[in-house]
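Labels for the chains are A, B, C, D, E and F, by order of writing; each one numbers its residues from 1.
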Amino acid sequence: MPQVHITRRERFSASHRLARPDWSAEKNLAVFGKCSNPSGHGHNYVLWVTVAGEPDPETSFVTDLSLLSRIIKERVIDHLDHKNIDVDVPFMKGRYSSTENLCLAIWEQLVEPVRELGVRLVTVKVEETENNYAEYHGE
Amino acid sequence: MPQVHITRRERFSASHRLARPDWSAEKNLAVFGKCSNPSGHGHNYVLWVTVAGEPDPETSFVTDLSLLSRIIKERVIDHLDHKNIDVDVPFMKGRYSSTENLCLAIWEQLVEPVRELGVRLVTVKVEETENNYAEYHGE
Amino acid sequence: MPQVHITRRERFSASHRLARPDWSAEKNLAVFGKCSNPSGHGHNYVLWVTVAGEPDPETSFVTDLSLLSRIIKERVIDHLDHKNIDVDVPFMKGRYSSTENLCLAIWEQLVEPVRELGVRLVTVKVEETENNYAEYHGE
Amino acid sequence: MPQVHITRRERFSASHRLARPDWSAEKNLAVFGKCSNPSGHGHNYVLWVTVAGEPDPETSFVTDLSLLSRIIKERVIDHLDHKNIDVDVPFMKGRYSSTENLCLAIWEQLVEPVRELGVRLVTVKVEETENNYAEYHGE
Amino acid sequence: MPQVHITRRERFSASHRLARPDWSAEKNLAVFGKCSNPSGHGHNYVLWVTVAGEPDPETSFVTDLSLLSRIIKERVIDHLDHKNIDVDVPFMKGRYSSTENLCLAIWEQLVEPVRELGVRLVTVKVEETENNYAEYHGE
Amino acid sequence: MPQVHITRRERFSASHRLARPDWSAEKNLAVFGKCSNPSGHGHNYVLWVTVAGEPDPETSFVTDLSLLSRIIKERVIDHLDHKNIDVDVPFMKGRYSSTENLCLAIWEQLVEPVRELGVRLVTVKVEETENNYAEYHGE
């Protein structure tokens, strides 16, 4: 049976700062550069979630995209959109807000609910700017 | 010998409707949502076809892109562009016009002619809107 | 007092056909080309609505963008999205569904409600494909 | 002599919050919506600066684009990129950080230095998200 | 009678060099920067042509877009696409290949044939890179 | 330990020509089409470089993106941007300037320096036009 991949794009606008509290301002600047600005900065993040499965013979859908979109909104976007990632987001507590960590945390938020839809989570991709993005494939 | 992947983008504008004739209007609305609108709707679909092979030592090309483009046009785009997918497209007869099924049908249309070019069909990707796309990798 | 222009982007996916019932199929094909396909085709239309006004001293907004977006959705998008323009859209009745006419009809749908927001409608722009768009500036 | 318009695109990633200190949290939420989140949020802003003038007969340039880009960077981008607009940006002090006010303030930052280049500032356009942008034409 | 603007996008890939033969290599480098590289460089140029007129009551079109596109191809694209602008393009002979001059020359190529279509040429816009474009409005 | 993929986008504008000196003009035209134009043409190439590794527990970064970007600039972009690929680029000497060969040559330029960053080079992707791109995955 053929496996088809389906990708849903969502967006969130958020602020953050990259700095370790146990490092000096100088060291934070040396390592994190302008991302360590004490009062923060922000991005229009773009999120792509890819799932895979067999098209349902009844509907020809791998999964109901409106359900998938609702799960992404409830589990991810509502927590991140128009928020400060370092302050407001429960599933990012205790993690630095790098794009890498966003990918890993969003994967954790989605892997179970996506499995309950009957499909497999394949990739979480987070774009921070038009020049940079991160992806996690679950391995 | 190195395998290089080459991707060609093409586009088609088409209409369709998602609904099962053996279901009531209510059930179609419940399952297919606004895609079940009786008089249909449409999209600017974007198609990416990826093939892989070794660059030819004579030309340094994996394949002649103008040939690949012509095959995609003759086997796929000419049948879909400015058409009603549910009515006008021979290779979609008997299939619901989900993006998943478009991927699978376009794969079938291309896999043989691409092999005759001396390369391997790797991915067919169909974007329905800027927020949704499907991919088939042949497995 | 400075006049600032604000633009809101919205999208709708719709089907349509360009053909005159009083012309033969041959004449329709000659004039409207592949757009005259009897069973129709469709597009992901993109709509940009531009309004102008003075920023409000209290809020620094020219207008409340969420209100503007709601007006566009209620007066335009809800009527067009996932619809057949020639069949389903009251404000397009009796007009051919060219991008030009979409611009003019959307202008008529918005000019009064936008005035009631206290701003001036400046431009309605409708993109049919990545290669074609129409604009109306009210003159 | 023909007047040609030249546009330069630049980008900045910044955080901000929309709220009046003299209003209650409830009123701020009612007026500014999710933009009033107390710990802020952010965007990848895109800036387009348009200038006009006659092409120089010696160079065929309206203006030296690398000079124009340097002025935009020194007068605007260096102050905004990877910053908190409400805290870090001298030319936004005392103004709410709406996209409208960003346009007006960036215009003020650029109008004189652009005139010294021998050209005329025509438009400042600031995109906040893919769905919203503001423009100021100097009137 | 309402005036509607219609824009057609076309593309061409071309090479060029910016340098004056009567200047030294040093002066050319100082004025034209990396654009003066002796063996040239190139771009994927994007061209937008905007025309205005009244929609025809018979067809609801301002103009036949396929005719407009053919004129742009024959008068502009066929001369520029996959060419060296400084060597191969008759209508650029004797002009430096700045984006400004491309706009002016393309305007001259199109203004008469567009008038013969019964519409008015409004804007020629040429994008050289994602960060730079020029426009000519005929004044 | 999770492996995260990080992608950096860079751009270069270059000219080139596809033709074999040991073939006649006719044969070059037959095989390479308009790409064989004797005086060349050019593109705005877009390059995506993907690397993979474990996020560093100290910084949460897979790698320092500013270092990765500097390596790409020094090893690739500085050699290609505003250059003639067939004349000016040491690492393309003796190779036809197909997009396939650009991918392979850029991979060779990057694989060692990326390894020294402590990560693994996964993909080099080069886009020649909005309709064509090539990718090399190292196999």
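FYI, contacts are C-beta pairs under 8 Å (C-beta built on N, C-alpha and C of every residue); 3 or more make two chains touch, one makes a residue touch a chain.
Computed from a prediction, not measured in an experiment: that's the story for all the values here.
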Practice problem: Quickly list, by label, the chains bordering both subunit E and subunit F. | Solution: none
Quiz item: Given the touch definition stated above, what is the smallest step count connecting subunit A to subunit F?
Solution: 1
Self-check item: Touch-network distance, subunit B to subunit F, counted in steps
Solution: 1
Quiz prompt | Copies subunit D and subunit E touch via same or different residues, half shared test | solution = different
Quiz item: Which chain has its C-alpha centroid at the greatest distance from the C-alpha centroid of subunit F?
Solution: C
Quiz item: Which chain is most remote from subunit A in terms of Cα centres?
Solution: E
Exercise. Using the touch rule from the top, work out which pair, C-D or A-D, shares more C-beta pairs.
Key: A-D
Self-check item: Whole-Å gap between the CA centroids of subunit B and subunit D
Solution: 41
Quiz item: Which integer distance in Å separates the CA centroid of subunit A from that of subunit B?
Solution: 28
Exercise. Just give me the whole-number Å value for how far the CA centre of subunit D lies from that of subunit F.
Key: 34
Practice problem: Going through subunit B residue by residue, note those that touch at least 2 other chains and give them in order. | Solution: 130
Exercise. Give the pairs of chains that touch; include all such pairs.
Key: A-B, A-D, A-F, B-C, B-F, C-D, C-E, D-E, E-F
Quiz item: What residues on subunit C touch subunit D, complex-wise?
Solution: 2-10, 55, 58-62, 64-66
Practice problem: Under the touch definition given earlier, write down the residues of subunit D that touch subunit A in their complex. | Solution: 11, 13-16, 34-35, 37, 39-44, 81-84, 87-88, 129-130
Quiz item: Which bits of subunit A are touching subunit F when the two form their complex?
Solution: 20, 31-33, 95-96, 98-101, 103-104, 130-137, 139
